[in-house]
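Following this line, the structures themselves.
The two complexes that follow have subunit A in common; it is paired with subunit B in the first and with subunit C in the second.
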Partner chain A sequence: MTETQLLQFIFSGITIGCIYALVALGFTIIFNTTSIVNFAQGDFVMLGAMFAATFKSLFHFPLIMAVSLSVLSVATIGLIMERVLIHSLKDDPRLFASVMMTMGASIIINAISILVWGADPLSLEAFSGETPIRIHGATLVPQMFWIAGGIFLVMILLVIFFRFTWLGQGMLACSMNKDAAASMGINVKGMIFLSFIFSATIGGLGGALVAPITMATLDMGGIMTLKGFTAAIIGGLGSVPGAFLGGIILGLIEALSCGIISSGYRDAIALSILVLVLMLKPSGIMGSKIIRK
Partner chain B sequence: MKRKVWAVLIVLIGFGLSLFVSAAMCQEPYKIGVSLGITGVQGAAGQRQIKAVELAVEMINAKGGIHGRPVKLIVEDDQTKPELSVAKTNKLVSQDNVLAIVGGNSGDSAMAIGANVEKKEVPFFSPTGFSGTEAQRNYKYSFLMIPNYDDAIEILVRYSIDKLNCKNIGLLRLTRLWGVQASNAYKDMAKKYGITIVREETLSDTDKDMTPQLTNINAANPCAIAIWAAVPAAAISIKNARQLGIKVPLLGNPIFAAATTPEIAGEAAEGVIATATLVPADPLPRQKEYVDRYLAKYNLPADMWDAAIFDGVNLIAHAIGTLSPEKVNPKNLRNQIASIKRYEGAGAIVDFTKHHWPLSESWVLVTIKNGKAVRLEVK
Partner chain C sequence: MQRKILPFLGIVLLIIYPLWLNEFLVSVSIITGIYIVLLTGLALFLGYGGQFSFAQAVFYGLGAYTSAILTTKYHVPVIAAFLAGGVLAGAVGYILSAPILRLRGYYLAVATLAVCQIFHVLVVEQFNITGGPTGVYDIPIFSLFGFEFKTAISYHYLVWVIALASLLFAKNLMNSRIGRALKGIQSSEEAAMVLGVNAFNLKTKVFVLTGVTGGLAGSLYAHYVSYISPGNFTLELSIWLVVILSVGGVRTIMGVVLGAAFTTVFPFLLGKYQNFNMLVFGLILVLVLKYMPNGIAGFLEEQVFRLVKRTRI
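Showing the complex of A and B:
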């Protein structure tokens, strides 16, 4: 194996890792507020990709408008999902029931999407051309920088939000103890409502950003949920920097095992790493040391 | 009093007669069962195929049906799961008493249904190929409507040797059954024509980045790279290859000729060589009516797999027509289908007296030009 090859594997890993990281970030908000793992998170990404491709490629809207409209549409769907499915659960939403609700939402979103878009995949052109950037013979697609930019923007906003704003602190409080939060005057249901809208927004933005690389397909939701969730677990579910780190690590492991060992064993190796992380540090690399009961 | 009785009797007889007449006017329809993966792994393809089945039945019934009787579809979604397709075919045969079954749009579903209908003795048409498995080759009741993919690969290998002067081919293929069969076919052809598969790598349907595999293939210095994948992985593979600066010709599979692949792969797909039985943007005269009607009705370009299942329904209707109405049953129907000689369909050309899959002459070479798949004339 030459240096160029190794460099290419690393570049491939970072590119795909950034995609996973973007999905993983979406998991953090809802988890931080409700301790719910939202299994429709990948479907938000799918919707973001489909809306962006529809607005840009089919309706020929300008890029900025297509992406904004797409994010807005997905946020609206997140809002509807929370109101219809999660909010309707009794005052003390049981964790298990809520998680099942998100799985149901995933199935409903898929079924409606197939009626709206049909089964064929759509494409979205890269935001700043397709000419790859060459570094020592290895190549990177320019879209990668848009994704990376999107991740850093979302990460900075999230860190500021959770650390320094009253709303963010309120959301964290909800996750730690709902009753205590409520007795301190925090509107728990309102926080949950907001967390779904924020998560859908991040998912929608992620979908629009990754579509030029992954294409927009109806079945991408499931795999995005799986990979994003794996990345979030590796990094530590709920941790914002952890989501980023987990995504990049998962992407690198996949690309390196695919390139150096064998493409057939890639998923097996990636999942073995997940098991290893869970065995050595169950809370994830950046996760808090306290394990909730 | 007597008059009243008579009046009642006449009314009753009249009513009975009208029932008899209306029964004759609207006879029992001929029932065709569908067990198709309309959702699941092959859901995207299944959605298109069910449209083709409905179009075929609509066209048959518009012409007055068969023996003046309409054709009725009983549709079951098997979710592209082999185990479910067996349950669905059981239901279609024993509860609905269908005359024939179309469906099984993935290799493993087609095999499962094929084994099942062999016991039930009901003819079955599938839009799949790779008649390579020994069992399927010898089934009496299965008819595969895609010509053998081995032949498609042979055409590509010969093109590579004759026109590209290339004997070192790299292979990127699916991990699932369809890809394994392609891999075996490429290896067989390598032996037959003295070429080398310099490096083989795999991908899954859900993969979003193939650059590691393509980097390894490229490092083995192939003079052409064969890609055997489905949408959208096929399109991503082409884009990744060009992104890595790989300039050698790419040999695709029939997916590349369907309208979607060149559309979503964009400029990177220019010049890709593939084989197909139907090129939607450039159909043969015998395929034109189907392609036009499919496009007009659904506002979607047809492809070779939906054309294959469309032909399946038409072959069933054709065979029912050759039997006298009282002799129509699944067993007789099978014998009638098996004796069909040269039938030129919208998808492929079949001769079931030779074998239960289309003739290899159905394959045509395809290239992608200006964003569309077109037939490639080779002198």
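Showing the complex of A and C:
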């Protein structure tokens, strides 16, 4: 394999990795407040992509308006999902009902989406043209910078939010011990509510950003959930830098195993490495606490 | 007295009712029986072990492929291939349990998820053995000591005998030392370990059981439909099994039966409104989770219990 090819695989690995990282970040926020893994996270991405494509390509809204409207719509769906499905659930220490509830949400979102949009994929034009940038013979699509920029913005905001704001600290407190947090005057249910809106927002943004590369399709939700969850676990569930790292690592492994070994074995190799990581460090690369049950 | 009569009536009903069914309904009933076998082990692992496993499609696939390949390529008698499917799936479950069952909760879930995807890729890519995306076809029908289960009705009885046997086995297991230890693990693994329960060992046993039942179910399926391909054994199936178990109810035998019946009967219930299948299913799942924490079976049991209590007083 030549240097150019290697560089090409690294570029595409980082691009796809950034997307996985965005999904993983969405997982992280909800997990940090509720200890729930939200199986509808990938569907937020799918909705973001579908809405953005609909607003831009079908209704011909300006780009910024289409993207913000799509993010807003997905955030609203996250809000409705929390209010209707999660909010009134009885406290279940095993989280079984809550996790299954997010699966239920995923099924409902997918079912409604297919009724609304049908099975055909929608396309969205790239934000700043399609002219690829050449570096050492390898090409890079400009949309990549939008995605990378988006994820850096989200990550910096999240780190600041969880470290330095009262609200962020309150959210973290909820995940560590709900009762203790409540007795310190933190509105636990309110924090959970917020975390769903935040992660839906991030998912929606991710969807709008990737749609020009992957097209907006209905089946991307399940794949995104799977990859994002994997990335979050590789990085260490609950860690913001871990989610980013996990996403990039997963993307790179996939792209490189695609190039070096064979595209058919891509998923098998990436997931074997995941299992290996879990064997060696069960709490993920950046994970510190061991999560039980 | 009542306890003896009810199961007896049930069995009599099971023997008679297929005779009135048309061909289509018999096939639905056969698939339901296969799903019951597939779900019993998983229900124990999920309901009593309290752990998610998304690896059930792996065992199902292992059983189906083992049986299919042994009978088509090596002309092994079906009954031997059937047993080999169960044994191999159980063995793989045992090998997997060493690294995987040390993990808990989400980490276990994602590890099983990974195993499921890896299995799927291997089945597609190792076409010399599995036939790749085209799968294995012309799988012979089930036969036992020279008797061939040619008619759907006869196969129906075979499947349901195995389904009932696995249900009975699970029920007896739950009332044994292993079952009580499992319940202990579920409420607190640490406490159970202090009381002398080897949690890892126990989970391994249940996981192997999930493997064996999954493998047997896979073999039954392969010999029924006579054609299998990687599309039958996907991660979606694994996830689906967990979902339907939580609709049926994970902690009761009835829950397994309801879950199995639900998954086979449901697609036909809405008739011409099939487009709304998944939407209705999602709504049912959500409502069950919200109002019936122990699934439909748990809910029904509570109602019957309440009724009995009222009539006694």
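Everything below uses one rule, namely that the second predicted complex is superposed on the first by the 284 of 293 C-alpha atoms of A that agree within 3 Å, B and C clash if a C-alpha of one lies under 4 Å from a C-alpha of the other, contacts with A are read in each partner's own complex, and residues count from 1 in each chain.
Convention: a residue touches a chain if its C-beta (ideal position, glycine included) is under 8 Å from a C-beta of that chain, and two chains touch if they have at least 3 such contacts.
This one's a predicted model, so the numbers in the text were calculated from it and none came from an experiment.
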Partner chain in contact with A:G168 - subunit B first, subunit C second, else both or neither: neither
Which of subunit B and subunit C A:M103 touches, first, second, both or neither: second
First, second, both or neither for A:G203, with subunit B first and subunit C second: neither
Touched partner set for A:G264, first subunit B, second subunit C, both or neither: both
Touching partner for A:G228 - first (subunit B), second (subunit C), both, neither: neither
Touching partner for A:P132 - first (subunit B), second (subunit C), both, neither: first
Partner chain(s) touched by A:G247 [first = subunit B, second = subunit C, both, neither]: neither
Overlap of subunit C and subunit B interfaces on subunit A (superposed complexes): 114, 222, 264, 267
Residues of subunit A defined as touching subunit C within the complex: 37, 85, 88-90, 92, 94, 96-97, 99-101, 103-105, 107-108, 110-112, 114-115, 222, 226, 229-230, 233, 237, 262, 264-265, 267-268, 271-272, 274-275, 278-279, 282-283, 291-293
Residues of subunit A defined as touching subunit B within the complex: 1-2, 5, 8-9, 11-12, 15-16, 19, 114, 118-123, 125, 130, 132, 134, 139, 141, 210, 213-215, 217-220, 222-223, 255-256, 258-259, 263-264, 267
Subunit A-facing residues of subunit C, complex: 50, 52, 99-100, 102-107, 109-111, 113-115, 117-118, 121-122, 124-125, 189, 235-236, 239, 242-243, 246, 275-279, 281-283, 285-286, 289-290, 293
Partner subunit A, residues of subunit B touching it in the complex: 39, 43-48, 175, 201-204, 206, 208-209, 211-213, 215-216, 219, 231-232, 235-236, 239, 243-245, 260, 263-268, 300
